[in-house]
């Protein structure tokens, strides 16, 4: 059998570990061959590929990034290019395609699947907002990095009696903010799922200092927003890889807080360091298991599906289900943070 | 309401985070008070305690170890001491006891529960061998540390053409070895659940060098054993905290391999570094959620239970179920490693 | 003898380790007492202090920040307050004052020394720009953090064919940029000591992509500037702790590069994470030795001096020498980077 | 010009960074070519080599180990093989040889130099025991790893009231023990330079527990020994890469302490994790500068020398001087630890 692999969307620790896992499983379990398509869907559209054997994936387990490259392709180009992509797959004799990516990539995978291409998707997002799976690889690494950096900011805030706001990734879902906030003992966590009330944030800051606490650490998801009308809030321009081109919510909130509380406020935007570099052991195991089970599913003809973590098991869920909606932070999970904030 | 807390058994990253979580939840959600008993069950037997308020748990989230101390108590002492323990609980007006610990601690908790004491257990073990929960806190930290250290050993093994055997914790269950082996790209993983065949290990080592591979990394759980009769194997004396007092399996296997393959073999025993220090972000979140939900269960009268991770949710399982058997590595999970070893 | 201690200026990993070292040396070697003044010079001006004994410094070796607090005091206030400060020192019976801080703090220390107060200074700056000492504590930690984070950015840049600019601290001296750039394999390092030519930077970026290199990593000290007239450069507002309030040089350069090269450029400002959290082992040793030798000098009456690292030894240099000029990156050290950039 | 490079002796973080630096400097500054000899001196004896260009050293800056391999060669073989080695150098047209290694490698380098081969040595040892240079690369990484691991052991020792002895590398010099002990706040540091008195160690342990301290952390260099006649001490068999084949000093001391103090004592041997994996930023900078300046010296004809760190500068010292004696821990440096132990 011949398997095709590609990686789409933004960077995510564990992509290379998945590629290695697919290649090793295909080779060791089934004697199958693997072809990698370069730069995401563009590789299929433009017929750019590379053979992947065990030697080619040596050392990839621990390496961040994706050896296949990635690129953005506009959805309309994908729609228009289905025939070219099928043509490329035919030319390479690909029996099953394993695309690794986030919402956009999996939506395209679903499209191809509907068009008759056997596909097994592998969910990837540091934001953890893909439905149908407990977790995605990359998320644990992002939370780990954010947590380590917030740990570092704590002592400075404490020694210098500061309010420190830390912006983490998460434009539509606040999972990184929720977990890093819990893990690093933030006094305030703001997520996209629930608009924040600036007056309440001001009150929290004032109350902490009033009762003698030395500092405030706030974790802010990049997609968090104040209640309508507050702070004269203006959403910054954000490109599709999460890069802020203008002053974002955290900087604006910081200025508002400094003005209204009279405290020194600092805003730190963690940015791309959250999505690069070697994966945590958790993400290496998850990425490896995803690659393994996707390859098994491909060989067993269980296509049109996506691998998913459910409890301790890797299962298959229909692609249609996975892309139907974003998995956002629930009210119950937000309520859990209340005993630990303020 | 008054809550009692104690920590039993060996050290585990996240114990302090659980204590903090119980205290903050009890205070912030319910206005309840918390009493900590010192040195595990001994604190109950000898009536040694300390009040725990929010100030007392400040900074505990990130700190390894347990501020309450821990100690070993022989099971027969616990059986004989139930009345003293109930007496101590009465004296402090404890409504619900929250013991945090591994198999031994939870068995004692079950005993007390059967004797009429309202108890909510919190499972703790770096070994991840408690049944009824997907994972326990401490495990992710142990795997992370082991993985980072094995990453370091890889380059030395490669440059110096060595066989490096790394012993990780796990006397009865091979979860740390399984995950660290997958995460660090070990060529060989030996666990207690499946006796290893020394002849096969020798063959694997020889084959790797024969086909030009530069090195071999093997991960060995401390409880792994060869097939009966092989290697003249003699189990080393191991105390209940996992400390090896004599030469263990890894050293014996290393000597056997060196003798039979003619390669340089080194054995490294990671030891206690796996169970100390600051928890990973994953374990901090899990420990915090365990403490939160145990405290909620205590206040809602759902006792005789243990908190457990099931998928993404924290649920309750009967203590009786949790202590009925050890959760060991399944054949399916071992099979998963096959594409990545050799 | 009675020793006074205070910490001034911005946060720096190792401050607490110095305080601990002074207290332990004074106690163990000399049976002397130590008084800590709170919030830098403000503690002397406003007579706010705390006794420091061995118990008070327990656990400080590994903790970031400063348990004594720090604050900014305007130089003119210090000049005007010399008599109040002497008065406070008299009231506490302080025989020698040990101020720990950067250029500002040491200048004030020199002032007090000239006014007859026995002083032994301890140089502190993550920027490493204090003259007379090979290195200052905090610098190694800052470089380590920056390097780890740039390591993470490498794989993303490579996979996504990006230009990534990373802004590190260093308003007047480029030591962090120089060392982190060398350590992380940056293709471009920009420092305050040498205005950069935007045309050359554009050329470097284009040449790298032209010859098939996949990415560019640039390390930019926050105080770097283009040649006069280039880029319509506007210096951002920067407060005295290095916080950028407006768009800084890195963002402006990024926009210029994106416009002129057509490549995707991302700018990341590492910010305060460089100056918080636990010190590296190198900085813990240096901070401990600085505290030790300053306390010995205080007891031996060698005052009006600052401790300094010279080779492997801790020596004393006159405060007057230390504050005479900033230690900036030399042309020779910049030349060293040339074989490794481009 | 043609430069030869080889790496000898045990593994050391930074070896690859030196190789990369030599190749990049030779290429970028001088347009010279570099030939790598495989497996240390054996590559010269057996004429096994590989050309090294800029592409060949891509990615080596951050990678542990040595891409050239290393091997042990008996000194008498080296003496007997000088003509073969010169022959190999001639055959490859090598103008200057740059051997990177510890005492053994540099002694051989000196031998070759005396025999008329232009040589520039680069000192390498995690033990930091080469004379003539302030520091060697690899040492900072070894101390960092040891310190991080001892940090982890602290909390366990504290929670469980233990004596924890940690064995670090250092057969003849106690630099790693000295620095890791200072950096991690050890209560006891034992080095090869000063035989320890077991009675005093017993007293220290008892006194700490007597005055209410909860634990003892001891750092023991593998080459430490008790006073003659104490503990019935038997030196374990140690091979030349520092691997203990029998029970070493730390285990023997642990058993003695447990017997005499009645406290629980645990011994951990850190082993090879201290010498593998990615170098710290400090070691990457030092390794890079060593490679740079050795290559410059080679091109300027300043041979028969070794590069050395002196303060902040890289200088040259005669090979004869470097190999004349081991650099061991001085009495002054040991005295510095006294305020911090006990």
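As written, the chain order gives the labels A, B, C and D, with residue 1 at the start of each chain.
Operating definition for what follows: contacts are C-beta pairs under 8 Å (C-beta built on N, C-alpha and C of every residue); 3 or more make two chains touch, one makes a residue touch a chain.
These numbers were taken from a predicted model, which means no experiment stands behind them.
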Subject >> Touching both chain C and chain D (chains) >> reply: none
Original post:
So what's the Cα centroid distance for chain A and chain C, whole Å?
Top reply: 34
**OP:** Indicate the whole-number Å distance between the mean C-alpha point of chain A and the mean C-alpha point of chain B.
**Re:** 29
Original post:
Any idea how many Å lie between the Cα centroids of chain B and chain C?
Top reply: 41
Original post:
Tell me, which residues of chain B touch at least two other chains?
Top reply: 151
Subject >> Chains that touch, pairwise >> reply: A-B, A-C, B-D, C-D
**OP:** Write out the stretch or stretches of chain D touching chain B in their complex.
**Re:** 10-11, 15, 63-67, 69-71, 145, 149, 151-161, 164, 241, 243, 266, 268-273, 275-278
Original post:
Inside the complex, what are the residues of chain C that reach chain D?
Top reply: 21, 24-25, 28-29, 61-62, 134-135, 140, 143-144, 146-148, 151, 179-180, 182-185, 280-282, 284-285, 288-289, 292, 310-312, 336, 338-340, 342
